[in-house]
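The chains carry the letters A, B, C and D, assigned in the order they are written, with residues numbered from 1 in each.
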Amino acid sequence: MEREKMHRLLRDMMLSRVFEERAAEEYQKGNIVGFLHLYPGEEAVAAGVINAAGPSDYIVSTYREHAHALVRGVPPRAVMAELFGRATGMSGGMGGSMHMFDRERRFMGGYGIVGETYPIAIGIGYAIALRALPESVICFFGDGAVNQGTFHESLNMAALWRLPVLFVCENNHYAIGTDIHRHSAVPEVYKRAAAYNIPAEKIDGMDVLKVYDATRHALDRIRRAGGPQFLEFETYRYRGHSMADPGAYRPPVEVKAYQVIDPLTIGAREIEFRYPTPAELAAVGPDNIARLTEHMISVGHLEEEEVAQIRKEVEAAVEDAVQFSLASPQPTMADAWQHLNSNRRHEQLLQA
Amino acid sequence: MTQELLYWQALNRALDVEMAADESVFVLGEDVGLYGGSYRVTEGLYAKYGEARVRDTPISENSFTGLGVGAAMVGMRPVVEIMTINFAMLALDSIVNGAAKIPFMSGGQFPMPLVIRVPGGVARQLAAQHAQRLESMFMNVPGLRVAVPSTPQDAYWQLRQAIASDEPVVLLEHEVLYFTKGPVDTMAEPPPMHQAAIRRAGKDLTLIGYSRTALQAQEAAAELARDGIEAEVIDLRSLNPIDWKTLSDSVNRTHRALVIEEDCRHAGAGAEIAASLAERCFFSLDAPVQRVAALDIPTPYNGALEAASIPRVADITAAARALLGPREKAAA
Amino acid sequence: MEREKMHRLLRDMMLSRVFEERAAEEYQKGNIVGFLHLYPGEEAVAAGVINAAGPSDYIVSTYREHAHALVRGVPPRAVMAELFGRATGMSGGMGGSMHMFDRERRFMGGYGIVGETYPIAIGIGYAIALRALPESVICFFGDGAVNQGTFHESLNMAALWRLPVLFVCENNHYAIGTDIHRHSAVPEVYKRAAAYNIPAEKIDGMDVLKVYDATRHALDRIRRAGGPQFLEFETYRYRGHSMADPGAYRPPVEVKAYQVIDPLTIGAREIEFRYPTPAELAAVGPDNIARLTEHMISVGHLEEEEVAQIRKEVEAAVEDAVQFSLASPQPTMADAWQHLNSNRRHEQLLQA
Amino acid sequence: MTQELLYWQALNRALDVEMAADESVFVLGEDVGLYGGSYRVTEGLYAKYGEARVRDTPISENSFTGLGVGAAMVGMRPVVEIMTINFAMLALDSIVNGAAKIPFMSGGQFPMPLVIRVPGGVARQLAAQHAQRLESMFMNVPGLRVAVPSTPQDAYWQLRQAIASDEPVVLLEHEVLYFTKGPVDTMAEPPPMHQAAIRRAGKDLTLIGYSRTALQAQEAAAELARDGIEAEVIDLRSLNPIDWKTLSDSVNRTHRALVIEEDCRHAGAGAEIAASLAERCFFSLDAPVQRVAALDIPTPYNGALEAASIPRVADITAAARALLGPREKAAA
């Protein structure tokens, strides 16, 4: 892979990490409210998958979608401002953490009800197929979401009508506090795609280069042969399910096991499932990120100083996003009504 | 050009016209294609437009309705047929959390030109699971429009308007009406999709119905007229939004209102209508707004009990007469 | 298999056939109204499966359940009276064709919304497992019902918690007018059970002896090893989906192909998808029924005359059921309210 | 014995008592076991009763709710927790077509001792998909009982009563109430599950609330009292059935009624209450029955807009004052 591309992946992962840790901090300050599901530990999936997609491909995401949006190129300002509920946010402050949309970038939303991404994705896929366009849809979901009825219904239709949908399972082994062995009779998620004759692969989701390659190939197969593809990425979230979850259901030994994957272990504190202090946050470092860093250095694509440089850049971008959000106006009720009625066009309702 | 058409034919015609005019219109649902539709509404379209635009789906209501939502987000104009409203509960998440909320949640970025056609109501002895009404459920969802045509003409107009609209529209079609006949003018300019229609003018009381109950109200009015009672009949045509002005103007003239609904009474569609009219017309009402509604019981299979569980014309005339009682007293 | 048992199977199949043909006739006369989904062609499944079950096993069925009830031992009178909507019917005239219940015989109902049988069945299975009883649940569903989300959700839970449920697919190749190849990406239904690690087999559903044996073995496995089992029975319905379906979507050549399975072809007229006249009905004869008949004669378990005798018996039983129904009282509205409030017990509601 | 308990603790206590007393009671839902429940309601039960009776489920709402239905048919007493009401739409078929209809459709053969616990309402900035109310939807289902406790005491009583009942009960718990505190007497004889409670006596108008809005109504009444306005406050406690007698007795005394609901106004829970009271108390009402309801808009994420989209105490006092306006005029 070219140097350029790797730099992009590294930067995206670091931006995602720093953004999320800052979001946690802003949550504690009360600038962000509601459910906040963070992504640390899983960055390789967002970065690898979305960088492998083209600009005309569509992304359908979940409530854990900030990193997806950032990697897709949405400015950190717009993502952070949405978390702050400001008028300048991606969804005008109407959607918040779980409902980020960017029409221009074909970022088709974050959905909060588990299992909603499948039907939306096959609908977009159906539209593409009807128009015979060379586009695809990437549909994200978690391991827990695989047990929702829509998984079954939608994958069947995707296969039956050969829709151009790439199903991407972010398998972090947990549905909130329930371990995959306690929620799925067949815990090898990719095997379940066989029930629909959808080609499926399981990939190490902690290795961004593998994620990127697997996604490229899957998208190629969709473009060449038509029909859906399925990728399962094994990954791990270092934090609790959301800011409301202390994560006490996970045995420390298990969390440790996942750290071993990580050549550097600066992220250690994070996994004690306390919310990190600002000091700790500053100390938070790589893991799947570190892995890429090491690799790039070893093949000569990166200098130690560059890492610090990128970190500085992304920290500045995130700081800027926070300042921008703080300075942004609150939406008004008039804005809210306008969003609701955005599709009424010229139609005049009778005095209602 | 006016023709006599059956209700299902009017819907079929509307689909055909819209599909011919706009490639982004497509139809999907169970047995809408090869089979020709449970109530024939999609008859002939499969042969004419092909299986991609008239798509037979597996029995997967939540997902194929959600498919319509996704397709609408990228500018298609899907017309989803949920075979009957009884299966719509399975698709409710796609309707309520998807279709109705996405335009809003995205800060107005996405259109939702989605039509959901649902045959429903109490037909003939289909028993409790196949006799849902659910109109009040859809009414309570902000972001959703609900149209309830009672005539072939309205069926034709409102389906075309629903397809043309960029807002999500639920079209509630009554199973008992599919084989009713009426004139359809395909050239005339339609009234707004949600405007109520005064089907009969009268001064003594206002009968308010929608879908099948609008027809029953007209029958009842004809009967009452024989006794010299002049009932005004309003066909709501739309349950969200509701054309309050037409309603209150009428009630302010007649001073009495009777709402007829096939929904179960407790928290049914009629509750909103009665509550709002009682509020809006408080000072001009001579008697409480009354409801003739379905009983709060699952629909019995037995034919006589089924009939007794929903409003009959006789129930309407009886309620109308009872409602007029106090007026005479007040006048006396 | 003992003679006794075979006779029972034959009688059940013939009763089911005659009952259904008579129901069609009564429908045309207006004595039965609403949706009426008939079973001719599929009798081997009901007879084979339900005869293999024990009295303490539970049956959960669909809207096409009259034969299931009859085979389970519900008197034809109670089944027919329910179709007539009479107070003496299985469900007191409240349920009709699609909602027949018999608590005493553990016949847990016919359900009209496709896909509803799975959750009910695993619920009963859960109760059995909690109480550690030597009982099982038989859960019926069609090939079309396999695409409903509840299939996926419920089978996963059944497998995860090793519930004593036998999943029985009556694969008649059609969901109303939609051929299985047009509704399922994987048309070999039994293969879909692999997604949940549930042992599954495909059986010729036109051969009642095979059906019976397969069911016995599956129930044995449930009792011995615990956990669910899955059986797919390939079968065919000779009539339209319901009395409202002319069945015009099926190529005659296909229907013919299924007749070839049948050593006798007296059923031929039936499959033209007109509703049979009374004269035709009288001429309606065996097919999967004929197959068993032939076999029994060939092994010496049956004499030609006995067939006529059984036919006479079941016809008399059905005639009796019709007369009984005609003479039965209509339920009253007071009955309806009482059924609705049957579980209120002693509780006095305030003036409501 | 009276103790101060949090609302969630009261529910937890009720579950514990019933599970200890009856082996057929079991709990299931997402993360109710090992994790201890999203709102801690099932805390400690997994350790005490084991995973079979405190069952963590996959994310499969329709099926695990239906599992509860099947288990109830054979005499178990399942308590299904749907993590939040927002996911209840996915389980609606099991609730409406299963739990509510089976006892009736079977001709009264089967009991349905099923409890469905659903945290819901507008909490704090959870956005449109996680801020459903849906009370009117459940109200419209014959065969279902709907309880809406507002205090720890009622939470304790009504959950125990729901478990003891052979009818299916939906228990709507408000997410904002879980950490409110109040006295719980575990020995006292509870009132009927559906009996309304007069929380404050007054003669000038009747404020009617349920769940969280019952508490808001009490706050509003306290504020109005400072201006010499004596509001009577009724806490409905049950939305199906509704204790009409307590309501109309009050309104017949005060001649004015204000219904406070968190449901969206159009066809919300308040519509039934307002419509029925307007009818029942027509001749004693001095002003139209009014509703303070949520706006007909999906819930915005932004905090200020969210707060403005549902009833606030200030909205209630303002509406109460406006409602009293005409009385003075009438008296003058």
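Convention: a contact is a pair of C-beta atoms (placed from the backbone, for glycine too) under 8 Å apart; a residue touches a chain by one contact, two chains touch by 3 or more.
Quantities reported herein were computed from a predicted structural model and do not represent experimental measurements.
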Report back the single chain whose CA centre is most distant from the CA centre of chain A. C
Out of C-D and A-D, which chain pair has the most contact pairs? C-D
What whole-number Å value describes the gap between the mean CA coordinates of chain A and chain C? 47
Would you kindly tell me how far, in whole Å, the mean C-alpha position of chain D lies from that of chain C? 41
In whole angstrom, the CA-centroid distance of chain A from chain D equals 36
What whole-Å value do you get for the distance between chain B and chain D if each is reduced to the mean of its CA atoms? 30
For chain D, which residues are shared contacts with two or more other chains? 57-58, 60, 62-63, 86, 90, 93, 97, 104-105, 127-129, 142-143, 242, 297-298
What are the residues of chain C that contact at least two other chains? 91, 93-95, 99, 111-113, 147-150, 152-153, 156-157, 160, 182-184, 336, 340
Chain D-facing residues of chain C, complex: 58, 60, 89-95, 99, 101-103, 108-109, 111-113, 116, 118-130, 149-150, 152-154, 156-157, 160-161, 336, 338-340, 342-345, 347-352
Per the contact definition, I'd like the list of chain A residues that touch chain C in the complex. 147-153, 155-157, 159-160, 182-186, 191-192, 194-198
Can you list the chain D residues touching chain A in their complex? 30-31, 34-35, 38, 56-60, 62-63, 86-87, 90, 124-130, 297-298, 300-305, 308-309
Report the residues of chain A in contact with chain D in the complex, numbered from low to high. 33-35, 82, 85-86, 91, 93-99, 111-115, 144-145, 147-149, 175-178, 182-184, 249, 330-333, 336-337, 340
State the interface residues of chain D toward chain B in the complex, per the touch definition above. 62, 86, 89-90, 92-93, 96-97, 100-101, 104-105, 127-129, 132, 134, 136-137, 139-143, 239-240, 242, 263-264, 266-272, 274-276, 278-280, 282, 285, 287-291, 295-298
